[in-house]
Every structure is written in C-alpha cells, then in structure tokens.
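Chains: A, B, C, D, E and F, in written order; residue numbering restarts at 1 for each.
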C-alpha cells in the first residue's frame, strides 16, 4: 500500500483508499468532473476524476473503499491525485486499520474494565445513573466505544474517548485510595462521565468533526444536559427517583469545572475536592497521551522536535534507557 | 428612623429594623445570648441580646421587623448594637421601602412592557417558549419580578433582574431595527431569557445570596437547563412539540455566550450575530447601570471618586450641564 | 469584467483595472520594464509590462483606469499579469463602483442625517465646535465623507467613516434617551467627533493606507489635536471664545478613552458616563459591521466559517428565519 | 520638632505644622468646629479645633504654618490631634525643609545643567522649541523647577520632575554617544520634554495631586499638546516658522510612546530608535530612583523588605561593600 | 492550655508558650522592657515584659518554653500579652505537638517508604546519586525529614517536605506503571529530588522562613546545584565517576521545569515526558494537600468557605457521603 | 561572488560557499546522491550532488569551502542548487568575512577593553573570579571571543557575545558613576558574567544552534553553575578561598534575574539594586542592537518596515538628520 503521507509528485499509484468526500463540479468549459477527498490513516489528499462517467470509474459513495489508479500531481502548491480508474473494493481486500486511526488497545477489553469501575460505585443513585448510560443504552454504548476524544488534540482516534476516560478513571481511583478526603463514588462517577458530551460534540469517523451542537454548546455543557436527561427523565430516559439535589449539583459541577480554567471553556472553577482531583487527572492523562503521540509521530527523529504548541515547549525524546 | 449607615459609637437608639439572622450562643461563663443581624436599606449591623429570655424581648424570627432599643458600641473595630428591648412590630408601623433596596421603576409597569416584547415574537416556537415561563408559570413570574440581578454588582435590588432584562431587551430591539442581518425573534427571545437562571442563582431578599446551585452551576448553564425543561418537557413542563433542533441550539448558544469572554464565565464565545448583539447589549446596559448607581452612591461628592474596580477606572460626575 | 479575485493561472484577459502603483525597473540583462499594481474591488494583482515603450502601451499614471490585454501567469507562487496591451480608457467606459469598495448607503443622505444630529446639539460651544468642522470646513467635509474607517478592519471602504460615525451617533442618541444620567449634548458631540482623526490617519482611496502621522500619532490623539485646533484657534481656525475648560477636557477625554482599554490604544480609561457610553456604542457598531461584512464575504457558504480573529470565535450564519 | 509619623496616642504636643486643609463643620449638637489637616514631611494627620472662635486660636488659612498645642487621641482607629491652641508663626520660626519633601540636589544647579543640554541641541527648530519653554517662558520655568514627577511613585517631591528629567537626559546623552544610529538632537529634545505635561498633570505642593486635566488627558497627551502650542502657535506662543512636519511627528511620537507599553498609558509603541532609547532611559532612571528611595525609607532595616509592588519583587539592601 | 488563636481582650492567662523572638527595648521615658513573640501551633502573639529584671521573670532565650502569667490587652488594634511572670519550664511539662505544626503521618515510617523507592532505582548512576544524599549524608537526612515544604502554602509543617515528596513519588510510580513511554528510574529520581533545594530555601522551625539563599536563588536552582555537588564532587562530596552527561542534563531539566510555567519560577518548560509527568504529579499532590488543609482549617463550617486564593475558587466541603 | 540571498531560479552559478551540512541519500530508484547545505553570510541554500562519485566532484567535508558550479532550480517552492562540479578551495581563495556573520568591531580591541574593566574591579574575590575565566582560562577566552549572543535574536554573529557584553558593561559603568547606591564592583562583575553561560548554550559557528545543555538548562542557570565551578572548585578549577557567602549569592542572583521577568526565563525577579541596573542595561543594549540590525537589514527601504516582532511595533528609520 502507498500511504498518502509518502506520496510524491509525479508518482504513479494504484492503491486502496477510503472516500471521505465527493463533490460533483463543472469546469469553466462546462465539463463535469468530481472532486474527491481520499483518506488513509496517514492523512488526506484531494483527487480529481476528470471522466466521472467513464466505464473505468465505478459507482461509489462517501465511506466506500476504492482502488484508485492514477498519478500524483501538484496543484496550487499541494499534491493531488488524477484518478484514471476507480474500483469499488469489497471487505476483505483491505485492512480497516490502515484507514482510520484507532486506539492501540482493545476496545472491548477497555470497556469491560470501565464497567468494572461502574460496578464499584456503591452509591445507589450514582450507580443507577451510570447504568442508565453505560449498561442500558446500547446506542450510547456503541457511540461511546468508537468515539474519538478530539478532532486534533490528544486521543483523536477511534476508541480515543474510551481510552482517555479509562485513563482518567484509573488515575482517579489511585487518588481516591491515597487522599482520604476524596469521596470515591462521586469522583469515579464524575471521571466516567466527564467527557460524555463528546459523543455528541464530534461526529463519528471518518468525519470526526465538530457538530453544530458541539460548536454551539460544547461537550462540557452537553455533559450536564445528559446528566439532567437521566436524572430528571427526558429524551426517552425515565428519571431516577429520589436522586439527591446536592449530589446532582456536585456531579454536574465536577463536569462543568473539569477543564479547570475559564479560558479552557469551563464556566466554573473547581469548588470541591473531587472537582480538583478530576481536573488534575484529566490534565495528567491528556498530557501523557499528547507526549506519547508526539514521540510516536516524531519516532525516528534524533534531536530536538522543535516547539510544540500543545505542550508549549521545545521537546525531545528521553535518551536515558 | 436612624439608618444603620449613620449610627455612631455611643449613640442611643430606638428604631425599627428587619431581622436577617438570629443565632443563639453561650458565653464562656455559660450564659445564653443571641447574635442577631439587623438590616435596613443602608446596610447591616450585628447586635447582641444579652437577656434573650427577658420580658423586654419579644418572640421574633428571621424576616420579622422589630423595634430595637439599646445602644451602639464598638467590638473588634466594628459597631454593634446591645439590644435592651426588642418589640415585634406590625405591618403599617414601618415603610418596607426603608428596608430592602428596590428598583426605582414600577415593577408591574415594567413587566407589562416586557410582556409586550413577548407578544411581539412571531416565531411560534420561541413565542411558546416565552409564554411557558413569562405568561403561564405564576411561581416563576413572581420570582422573576422580585429577583435582583446580582449580589453586589449592578442591579442588586428587588426588581433588578426585571429592570436589567427590560433594558437589554429594549436595546436589542433598537439593534434589530438598525442592523439588518439580525433575526429579531431570536434576539428578543435570547434577551428576555439571557439571565433567566438568576431566579435560581440568587436566593430571594432579604438574603439575596448565591445558592448552592448558583455556586456550583451558575446562571448561564442554568439558563440552558431551563430552556431544555420547557423545550423537551421536564420539571412539570410539557415540552414544545416540533421545536427545531437548530433553533434550540442557537438560542442556548446565545445564553451560553452572552458574557462574551471565557474569563467572565461564558463557556462559548459568540458565534452568531445575535449572540454578538446580545453580548453588546448586556454589557452596555450593565455599564450604564453601574455608573448610574455609582453617581447615586457618590451623589453629594464633588471631585474624583477614586478608582472603581467595576469600571476599572478613576471616575467623576460629568460637570457640563 | 474579469474580477481579479477570480483570475486563474493561464487565463487570457482583456479587462479594465485601476492603476494603484507603477514602478519602472530594469532586468538583469539591462532591459527596461514596468512593475504595475492593478486594482478592482475584489483585490489587487501585480502585473508586468515587458515592452513599456511599445506603441501597444498607452501613457498612463497612477489612479488612471486602463484596459489591459494579456495573460495570467504564476510567479513566486502568486498570480501576476503579463500585459501585452494597455489602453487608457475614458470615464464612462467603466463603473467606478467596480473598482473601489464603497458603503452600500448613499453618502449624501447619510451626511444630511449627521448634520441633523449636529443641529440637535444645544450647547452653544459644542454646537459651534461641530459647525467649524462639519458645516464650515469644505475640505474637511469632502475628506470626511469619502474616508474609510479602517485599512483592514471594519468599514474599510469609501464612506465607511461616515457610515460608522452615523451608526455610533444613532446608538448614542438611543442611549441618551434611555439612560437619564447621560448628557446628550456631550455624548452626541463626542460620538460625531470620536474618529475624526481618521481623516488624517488614513490616506484617501485608492491607497487607503496609514499615513506617517497615522503611524506616529494615531487617530485618537489626532482627534484631540483637532479639538484643540478649533477650540483654541490654530491651523487656520479662529478659536471659540469662552469654551469652558472642563467641557473641553470632558470632550477630549471621551475621544481619548473611546477604545476603552489601554491595549486597544486608549491612553485613558473612561472616567465619565458619556465616555463609557461612547465606548459601548463604538464597540457595538463595530462588531455589528464586522459580522455583517463577514456574512457577506462568506455569503454562499453553508456551515461554519472557521475561527475569525476579529471576532475571536468560530462563526456561522444564523439559520433560523 | 515632633514629627507626625512619630506621634503616639495620648501624647501632648506643641509643634509647628503646615495647614493642608481646613473645613468648618457643625456637631450634631449644633456646635461649630474645624476639621484641619496638618502636614510635615513625614506625613499628614487630621486635627480638630473644637473652639474655633476662642482667643487661643489665631486666624490662619491653608498653606499657613501654625504652632499647635494639644494632644493626640485615637478616633476611628486613626490618630488625630485635638487642638487647644493654634498660633500662626512667621517665616524664620521653622525650616521649610521639614514640611515638604524635596530633591536632595540643588534645583538651580540642576536647571543650569539642563540648560547646557538645551544649548547643545544644534537643530535650529528643536533648539527654538526648547528655548520657547525652558529659556523664555518664566511661568513655565518656575513650575517645571518645583514640580514633582509623581504623586506616589518615584521622584514625588519638589524638584523631582527636574531631577528625573536631568537623569533621563544624561542617560540619553550617554546612549547617543555610544549607539551610532541615534540622532542626538532629536533624542535630547525628546528627553528634555518627555514629561513636560506633568507641570499640568499634578498641582503644585503642598497639594501635589492629579488635576482634572491630569486625570482626563494625562501628561503624555498633554506633552503633545504643549509641543503643538509652541510649534503651531497657540496659548500665547507665536509658533515656529518652517518647523518640519516629519520632525514634529517624530518628536511627538517619542513623547507618546515613552512609557513603552499600552498598559502603561502609551497610545503608541516606539517606532523609531530614539523612541526606543528614550523608553529605556526613562525606565532605567525611574527604577534606579525607586530603589534609591526604597533603600532610604527602609534605611535602618537589616533583612528583607518584603514584596514591593513598584519593583514587583521582594527586595533587600546589598550587603557587599 | 489556652491556645493563642482563642485568646480574647481582657483575659487572664497562665499558660506555656514557645519563645520565637525576644528583643530588648527602652520606653521614651528611658525604662528598659522586652518585646517578646510567643508561639503555639495556633499562631503567634506579641508580648511585653515591662519589668524584665524582676525576680518574677526567669532567664530565658529564643526557642525556650516559658510559662507566662499575665493578661491580654489590645494595642494598635492587635492583641498582646502583658507578662507579669515568666517561668522557664522543663521538657515534660508540655507537649511539643502543641507548639509546632507537624505532619499527621509518622516521619520515620515515611522515610522508610521513601528509601524503598530509592532502592528501587536500578540505574547505577541515579541510584548512587540518591544514596549520596538520602542514605549517606546524615546532616542532610535530618534536615530533609524535619523540613517543611513551604512557609505559607501547602505542607507548611514539620515533615511537610518529606510528606509531599513521598506523595509525588508514589504518584509518579503510578504513572510510570501506567504510561509506557516514561523512564521510571529517571522519573522516580527526579520526584525524590524535585524539592531537595527546600532544605536550604527555608530555615528550620520554629522560624521556617525564607533564607537569604532561598530568596536570592530559590529551591529550583539550588536543586540543580545540589545535583552538581554530588555528580561533579564539591562541598565535601566525592563526585560520581562516569555519570552520563545527558542523564545529568535530563535530571536537572526535570528539577528546573517542575513548576511547569515561567510565572511559577521555572526557567524552563518541560521538554521530556518525565518532566511533564513530574510537573503533573507535583501539581496534583500540592492541590490535594491544599484542599485537605482547607477542609481541616474550615472544619466545622457548614456552607461556602468563600474565595480561596490558592485554589482561585470559592470552595465548600463535599456533602455527599 | 554570487551571494545566496540574491540567487534566482534558473541562474547559472560558479561561486565559493561554506559547507554546513552534507548527508548521503538514495533516490527511490536506488541511486546515491548527496544532500548538501551551503552557507554564506547572506543565508543558506540546499544543494544536490546527483553524481557524488564523479571526478568533477572533489572530496570535501563539513566546514570546507568549495567552489560550486551548477544551476539554481526550484523544489517544493524553495530554491536549491544542482551541483555539477565541486572544487575544494584553499585558504586565500576566499574572504572568510563573506561567509560567517561577524561583529563590525575588532574582537581583540573589544576584549582588551573588557579586560580593562576586569582590572578595575577592586574587590579581591570578584577580581579573582573574573581572572579565573577571563585571564587564565585560554579555552574559555577563545570560546567567549568568538561566540554569538543568540541564534536568531540580536548579536547573532561571531563576536556578538563579546560586543553585547562590552555594551552592557559600559552602560553599567555609566550607571555606577551616576546612581550612588550602586556597588560598582558587584555590578561590573555581574555585567561581565551575565551571559557567560552562552558559551555553552550555543554551539560554535557555523552551526550556532542550541546545544542539548542550552535547551535543557539554559544560559541563565549555566551561568550560576559556572560561578559555582570557580568559587567552590570544580571542573578543573581550584576554588576561591574565603569567597563570602552573601557576595556569591548576590552575584548569582544578578545573573539569575537579569532577564527581569519570569516569562523571559528568569527564575527570580531582581531583589537588589545592582540586579535592577543589570536588567535595565541588558535590555537597553539589546534593544539598541536590535534596532541597529533592523536599520541595516532594511537599509535601502524608504517607508515603514511593518510590524517587527522583536520590537513589538511597526518601525521606520528616523528621517531627521
């Protein structure tokens, strides 16, 4: 397979890619052609089909996998592919792992581990709230397991939301065991649900882009709405009888304040110790993953990586073994 | 009447005040006494009842009005009253306007004007949403009419929320008439509802302090929850059939972003022109009121008022007439 | 007409443009040629005249309109035109509105409306001050009516300064009618004059760039100098006998502080209520125009516009009608 | 002499002070008394004259020196003097240096040194401009020589403006001799005039407080107005024929930008090398004086002075000799 | 025992306190007296010995424990004790725990746990470096075990540095086990040594104040100097042969950057993943302790604690159990 | 000579350059070629040797000077040279001054002047400390004389560190003579040593890039380490007997705080007056040099240079002569 990141001007290609976008257009001379965006796990590339009605071009849609034959050219200082032949391929002809970025850990194993934490929450109201989403709502569960945690920051891959959530939950579990003022049930519940709004903030892969609601409301406030849905009954959920008012407020507060600072989009700063702990855990797991992804993307490089905005620092791989 | 702000050390008093707090305590020597906080519109003062069981001391509770006889002393560098006699008085013996700060405008007249704006909203979903609160929910209407808009900032008095809301709505009405890209229905609705969460963020007078929910969640996010309650049906509200998804998001976005900046507690920055307009109108009405209140509180003063934090400036009354 | 923004590499053109710059140069081989900048309302493009003395090339100067025949090429990753023929055209052959950006409103009508506000100022000193500029100084009036309000921000077109000034004045008129502490005469005068220094900060179209004085002093301080010129008599102005000292200081303070924050170039923060009101009105009109221009420039686009620096937000057109 | 800073509760006093303020008032019981503010170089103190019409109390006015007999008491947690006898004293009975803070250097000697720099400016326009103020305008010269440079920051004493100006000029003279790109005439002129507006920003001693104009306009913009007055002729000045436009703009720019940052009140950042040099010299002389004054005020103290806001640091005297 | 925090004006006392300071002075009338500062774990109080040579006053020095008989008065709005009798007491008459704040955990147990982590570091150079300080240098070990971690922030008590260090080390141990890119040896070593400079930045109890060196250099850079001392041999240490250059730089970098931000005194931002992890762990342990101390100091309080600067938030105890 | 900055696409060249980098590579087709970076004082350019084993290509290494024959082409929007012939040239065939940027002043003359300042320091400990480096350590002296003061900021050329150091020392000498509280010996020593760590922070020319140590530790902390080395004896230095503790701390503090602000990498803010003076002098010399370099690089340009990040301002050459 010829990965997109490695294509060079002038190269002939014959390789399978995932279709991310397909838009029909017309040249100034009135001739129909297709603008296509192709995707693999290494990046995206624009492509042109100049003869869309030719027999060499199969019917295909967005999210189809097609085998493309053509050549790489430069247009407006960027590479693009002129597609001469496009064949829609079948499952089995390609490895999905080559096309969409995915967590390196097993999704089902991670989800089982997360459910273990759900079961460990003894407070009946919190336990029920978690169950409503993580054990009873199959559509949500599917969405949660395959969602990314970001468009471009850390954990921006399939299963990323689950991996990040589990990382935060485990770190909170450590904190609850080591700092005695922490209420473990509240902290674990808040950790499991802290980014729950991301299942609606980002559209599923291969798009993985901000939804309207994501842009307008944001996952932090949507997380509060999702707590409300389950606690008070709405959107097909039945409500949880007797859920204590203060408990609901404390949980929603943890979600609202988990970014820790106003400038990171939290409308409240942490006011209870569990909110402080969640903010620390979220920040720690995020930074560990950011640096891990950086080390992988700069993998072969000896020497300094240069300034990296997400870490606000010039970075390098540790050389001591 | 001897207003609290004007009391001096050593003064004898005999005057009616509102009881804000009353806490029973015991001296080191084991004697019971009462710690009381008294209130009028000019301020608060601590008071002590050293003989709470004396016949000179009537039975009374928080929010009662009592006539206090005693003297002013200094304790820990602050004035307090030693209460010798306390008589619970009846309505009619005092003017409530002397005790709680109140808008200088007529509350019912302002509310009628606000209802005129409600009726002017032609979009049926927005009109219905406004009606659910401002025309149909009597408990909410009472709360809204008498709520303050702040604990210590601007409009911190009975009717302040209504006065500020009306000021913002009228300014938005002006903007909608003068800037053609603005959608008037959306803007007027957002203006009417922008601070709706304040009815739950602040407790009623005489307390007028942040509630738990106010501290944990804040009126901005509570405003979104109240839109959800009405639109999706919750908390005794029936829901509004067919309310367009995008419209709900745009409205909630206006509420979320109306403070304009992350550091002022908005988790989103304005993304649509109505959100920008609402932020400008809210800011303008707030600043006009802050300066108006400043001019009144510094009323008799010639010369510069000194640095005022809320305006981040040294200020003075305009002398040109 | 082939608008500059729509030109493509390789295209043949024959179209009329405005000459913004013309510089004679010599190739390494010693051959004379001309570097020309052409302009229409959609943008600018560099052009080369390789045979400047050919009979196919008319005599022309900066600010002339010429019909250009040639072709579009790419040089250093940017488009440019190779001019084969250049014909100086006459008025009537082109529509000036195609070349320079201009307010969509009628300039004379707006100016009449502004004069109505001038006449409404009852304070004789302020009225006289306004008249000195807006009614008696013909050169100033011409400059003011056709000046833009910015190089690249909002209202960056012919008549932009007038349109923005009128927008701010009308909003201040609204505020003066609704907030009783405001001194209308002072506020209206300050609004009319707040950006008066821009007639010297920016050179006239088609250049519309910062002058030396604009860069060195800035329109805010120049506005103060222009008040001084008229009040104290200077630069051909006679002075206004008896102009009250405090009134002059209050007016100059409003101009100095109208950006509201030090980091926006105001050396003083607003200290009187009219200065606060002017700052709010200026900010509101500017933001409404910025968003209006954004909606027009992104006109046909469905979906999010992406982060816009001037609004510090990701933006979108409102979809509710 | 009993210095004000050293007075203690209960002390009897009989000492000469300068009268800063005197306000007649009436007790609640209707008795006339005087509120007086007394001053010496160590500070201020409130005083009461309970029998203003007694023969023991001389006639006196603000800025008179009076010998006060009475005792020190505490009122509202602050010391004050009850004046039993007040005798207006004559020049010669006191040392003026005990009452108003003053530069430790000789004012006339410093002014002569400054005039030497004036004469060293060879550019005829700049030389004339300096002469108009520093050699020809006697009222200005008196004001300049005795003005302080600040209310509370550095050089807040009689002659402080002159001392600071001379310090900046000498440092600029050093820079002009060592950095060849600097235009000495422009830099020296800008240094001499950089704080000229302070003669109007602060009222004379003993008041030494911000004037209206100081608060509304500020010494930076007033400096520009004073350049304009002399260059263009205004306020009794005749104008300087042929003063080059660019030179005037460069000089005004140096004055406007000499604080170096918007947040310090400069509406422009330095754009020419002389403006950068002036900003560095002003900052350096100010910081040297701030630290010098700090060392003097903390004089006898061994150990750390604690955090000092003006230096944004915890400070200490250097121990190495 | 009568704790200092609970003393009241007018109270008679007879209680044992620790002498923190003792300064001989003379009244204006020429009479000798002593200014004394007394300490217990609840705070400090000034005291006066008016008859220092009386037989009722024992000889005593700073750090002695004395039984004080006298009464509490108010002077300059603060409480002080007039000491009539002072008796130097013997060990056994008092509980040292009543006088100096101390970690609630056992110091020796914590140190043993820390040594376990020292032994777990397999890299021979790092292991040797740790041993030089934590196993071989008895003076250092004593100092480290009893040092506080701060003057006023978190862990400001005897054993606080050890407790905080252990908290950070354990959290780093968790992180090293869960994030595979981390080099455990480097991270654990950096965690153990990250605040090592604090043994010299703060003087021992009861003073616990910044030393000269602490103020001038700071514990961050002093930590680097202490690494250098051991690695290169200095100050009585022998040096570690063959210590890899890069390893020393990585370790020193972790120490230098552990505050994470320039404004918190780190001259470098974290560049390697272990430095990022250490910064997260340090921040998390600090915040957990700050909130723990807050909950203890506000212990009995129901309701909101008000704004707390160290957490930059209004805070409250979690009510859910 | 054809300077790199002036090369154009398509040009034939035959000119001598310095080899900065040389990396052997292989085309996809398996053919060996060399990637070379060539340097002169005007910039760098990439070059390709497609026939590295041809007899037309001499043997050469990094830091050799070679005469290159070939042509300039464009690759990935940047110019590069295709090298057809490469001849290694001998000293004498080129002027080294054409290849590496160098101070315009004579290095040995400047160093003599610096030694004069070393000798003027009377304090024996400081004098000895300076001698250890500046008079006795030949390797250091060579490094110091030829080091640049920056990679990209000011003084980024051979001899730049020496020129900047001398500029700061001379300015400090001026300050010590004019502000009496300054300890000249301490200030001059701190000035001479303030950037001493730069000899290790940056690698020598032609590389002149940050070293590992420079990135990890930074020249500020390395300066402290170098003081320690000499004072306490380490790294082949003998130590200075009896060096006063406080003096060492004051000197190290001056070095640590000389950037003046945390965000510029100083872990401490200036606490003594010499540290404040050094910060001012360093800042002033740096800004004078930045503007001087700017004027030279923009030399022929009339008009505004546009925004310059290092001066945070739009800049222009002064026109007044």
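Note that in this section contacts are C-beta pairs under 8 Å (C-beta built on N, C-alpha and C of every residue); 3 or more make two chains touch, one makes a residue touch a chain.
This one's a predicted model, so the numbers in the text were calculated from it and none came from an experiment.
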| item | value |
| --- | --- |
| Other chains in touch with both subunit B and subunit C | A, D |
| Copies subunit A and subunit E - rotation angle from C-alpha fit, nearest 5 degrees | 180 |
| Fraction-based call for subunit D against subunit C, same above half, different below | same |
| Chain whose mean Cα position lies farthest from subunit B | F |
| Selected pair, out of C-F, B-D or D-F, that shares over half of its residue contact pairs with B-C | D-F |
| Inter-chain centre distance, subunit B versus subunit E - centres from mean C-alpha coordinates, in Å | 45 |
| Multi-partner residues of subunit E (each touching 2 or more other chains) | 77, 212, 215, 246, 250, 271, 314, 316 |
| Topology of the chain contact graph, where touching chains are joined (line, ring, star, complete, other) | other |
| Each pair of chains that touches, named by its two labels | A-B, A-C, A-E, A-F, B-C, B-D, B-E, C-D, C-F, D-E, D-F, E-F |
| Subunit C to subunit D touching residues, read off their complex | 212-213, 215-218, 220-221, 224-225, 228, 232-235, 246, 249-250, 252-253, 256, 262-268, 271 |
| Residues of subunit F that touch subunit A when the two form their complex | 28, 77, 210, 215 |
| Contacting residues of subunit B [partner subunit D, same complex] | 77, 304, 314, 316 |
| Subunit A contact footprint on subunit E (complex, rising order) | 123, 167, 170-171, 174-175, 178-183, 185-186, 244, 246-247, 250, 269-274, 276-277, 280-281, 283-284, 287-288, 291-292, 295, 311-321 |
